[in-house]
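Each structure below appears as structure tokens.
In the two assemblies presented below, subunit A is common to both, partnered first by subunit B and then by subunit C.
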Partner chain A sequence: MHIHKFEKIWLIFGVATLLVFLSVIGVSAFYLGNQPPSCLATINPEQVDTQAPFDKPGLNKVEGKEWDYELVFVASAFNYTPGEVEVPLGAKVKVLATTKDVVHGFNVAGTNINMMLEPGYISEFVTTFDKPGEFLIVCNEYCGAGHHLMSSMIKVVE
Partner chain B sequence: MNAFTEKVNKIDRRDAKLGMAHFYVAFIGLFLGGMAGLLQTLVRSGQFTLPAGIGYYQLLTLHGVVLALVMTTFFIMGFQFMAVSRTAGTLTNKQRKTAWVGFWLMTIGTVMAAVMILLSEASVLYTFYAPLQAHALFYVGLTLVIVGSWTGGGAIIMAYVGWRKKHPGQPSPLLTFMALVNTLMWIVATIGVASTVLFQLLPWSLGLVERVDVAISRTLFWYFGHPLVYFWLLPAYMAWYVIVPKIIGGKIFSDSLARLSFILFLLFSIPVGLHHQLVEPGIDPAWKFLQVILTFMVIVPSLMTAFSLFATFETFGRSQGATGLFGWLKKLPWGDARFLIPFIGMLSFIPGGAGGIINASNQMNQVVHNTIWVTGHFHLTVATAVILTFFGISYWLIPHLTGRILTKAMNKLAILQGILWAIGMTFMSGAMHAAGLLGAPRRSAFSEYGGAAQAAEWIPYQIAQAVGGSILFIAIILVIYIFINLAFFAPKGEEEFPVGEAANTAEKAPMILENWKLWLGIVVLLIAFAYTIPFIDLIENAPIGSKGYKLW
Partner chain C sequence: MAQPGLEKRTKTKVEDSSSLKGTLASVFLLGFFLIITWVGVFLLFLNRF
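Up next is the complex of A and B:
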């Protein structure tokens, strides 16, 4: 099979770029810890309200962990509990969320806090809230007739 | 027309009928789906409410199912039958009969699914994620569409095998080879969606089992969902590699490399579905990353494709006396819709492909996942690159099959259609990309989200989407008008089915490229490698399953 000289150059250049690119995202993921939310913990979706930490939705201070607070959300068609929450500026927070019924999304709009909530699973993501202001949480996975009405609000305050 | 005037390279009339049957369904689907698309953009602008109890999500289910699943599959099956019939010879009666059985299975399935959507029994969107539960007949309908496409795929495999038997030791005709690759990929890929529908969703919707494992169902869906997009794309590549060179009067840059790139697509389309599940719980991030790497392997055949297309264009331009770095561009037949429309598609694939790289990269995915950015992305890829190429194909294939010609007037209208599409899509897709970066969610009716300031920023973009959507709908009306003209009213005559020749006919494609035991073996190994452990994890750690919900 004959490959034109220019095509060889083009492919070598392309593959080299690709390797650099994959190394960058690999280092970011495995060395810097920028992994997508991939929590493996499970939960009985029919008993969410009675199981820790989902029996206490909202912002809870924690001690002796890598983060200062746990921000707990329970999703069900078509709302989040809490419907609004204040977070102190600069707080390092572990966001934990799950759903009681169908699949929902959990996206703090315009940020990289973006995860799927699936019945039976817990989703979590650790982040630092370093910008003050109001951040809208939207459900970004279709969950039924009221899907576009499903939202919450994080207020990052000093 | 009598048999006397029939030329060798004209598709047999009986095969032509088979092709047209597929195209009728595809274009009816295009019209219905386009109408739904227009209404969606209008609703999302906030200026319009749907009449008569039609639900937004019912409409969106219709749009997704009819365009992404039905219109594409019918067009592709029809086109592949015609490509095989043209290059490997008229189908045998047995092959044709098999193809017809497939057509009717798909059609019955489509009608069943559509009726369930219209009755508001299946507003689950075209991805039908459990535990939202549609009517059992919706799942039965989808199963029939898949089984029908397998039956049609069987006819293509039979035709390929028949040709190889008659021509031992020879590489198969390029278009037939490509149609076969796409068929094999489709069969391997649809096993995933067929498994979840048949073994999980159908028994569950019938009440035979109470609960369904949501994560496994989604993973099986996406095992199919990513190769689905290559199933759309490869027929467009067939046209770009083989047909467009002939239309411009040039040659195929390299027959062997075209085949090699199709084989690479076959290998790397399937073991990558987890890149749609990057932000899902229950799947180890190391396995996600592995599939991200496999995903990016398709960059290699994509670069090969881009090179060979532009090499064909440049070589042709220079053979016509073009000079300078870009002089060859002037020599291309810009006034020929059969070239221009697919060419616009190729251009749109440049930002489309770049967006795809963003979507698939581990971390950036988190910024755009399930925002309207994603919708903007696939309206550039499938709803522009692919669909414009399909339109470009139709403008010679339909008259070829009906024994008519594409007149100058229709050619002009087709060019106008392509330009309108490009303008409309620039508005719609551009605004979707921009709003997505601001966080606007996809699959959402108009909402002010309780007066949130962020949501207010999205509204101007939604109005831009409605402007784009309206222009696109005008383009769809033009397509339908041209289709009807070419099917029923255009003057009788002979429109060519263009099939390009390789620049270097002396070079025979290596026979190893037709060694399906080898390639399918590697496909199976790659899939086993990428999916075995994630599936074992999902099964071993499975939470209690979910009951069905009907929340619409």
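Up next is the complex of A and C:
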């Protein structure tokens, strides 16, 4: 079969690019251990308030884990608990969030923290808060009449 | 009878119709656009917390 020289060039280029893109995802998933925010951790949505760690929403210091703090959020129509929280600059934090009723969004604007909260599932994201400032949390999954009023705030302070 | 047109015959460059130069250029233009935007989004991901 005759393949034009130029065709060979762009076929090799295309396949190589694809391999690079897929390798990045592969390294991220299997070497760095990144996973989707909602990854099979479950909870009874009717007993969220009584189950750890969601019985104590807010920033909790933890010992003996890969992260220093756990930042716990409970979403319900149409607010987040806590409504505002302070995080020390440079803290390694695991953000844990779930919902008591319908599907909500959890998007910390201007950061990589962007999760969907589904009833019955716990969404998690581990990160280091290395930039000071105020970060608005908004719901980006339409959840009902008060959807646009649903917000919270993370203040990263020194 | 003089035929002045005969002496002025200009050579026009005729490219082989099976040439893939333009295709190569457009494929790489698209390819580099995809790579630049992909790298841009990836850097944005790395720079945020």
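Quick notes
In this text, the second predicted complex is superposed on the first by the 148 of 158 C-alpha atoms of A that agree within 3 Å, B and C clash if a C-alpha of one lies under 4 Å from a C-alpha of the other, contacts with A are read in each partner's own complex, and residues count from 1 in each chain.
Heads up, the rule we're going with is that a residue touches a chain if its C-beta (ideal position, glycine included) is under 8 Å from a C-beta of that chain, and two chains touch if they have at least 3 such contacts.
Quick caveat, the model's predicted, so the values are computed rather than measured.
When subunit B and subunit C are set side by side, the one touching more residues of subunit A is B. Legend: residue contacts after superposition of the two complexes on their common chain; A:Thr42 is shown touching subunit B, with no touch to subunit C. Judged by the touch definition given at the top, the superposed model places A:Ala52 against neither subunit B nor subunit C.
With both structures placed on the common chain, the touch criterion links A:Met153 to subunit B but leaves subunit C unconnected.
Residue contacts after overlaying the shared chain place A:Asn112 against subunit B and subunit C alike.
When the shared chain is aligned, subunit B comes close enough to touch A:His2, but subunit C does not.
Within subunit A, the residues touched by subunit B in the first complex and by subunit C in the second are 4, 6-7, 10, 14, 21, 110-112.
The touching residues of subunit A, when paired with subunit C in their complex, are 4, 6-7, 9-10, 13-14, 17, 21, 24, 110-113, 127-131. Note for the complex: subunit A touches subunit B at residues 1-4, 6-7, 10-11, 14-15, 18, 21-22, 25-26, 28-30, 34-46, 77, 101-103, 105, 107-112, 114-123, 134-136, 138-149, 151, 153. For subunit B in complex with subunit A, the residues that touch the partner chain are 55-57, 123, 125, 129, 131-132, 214-215, 218, 253-254, 256-257, 260, 277-285, 288-289, 292-293, 296, 299-300, 303-304, 307-308, 311, 357, 361-363, 365-367, 369-371, 437-447, 449-450, 452-455, 504, 507, 509-510, 537, 541-546, 549, 551-552. Chain contact summary for the complex, subunit C toward subunit A: residues 20-21, 23-24, 27-28, 31, 34-35, 38, 42, 45, 48-49.
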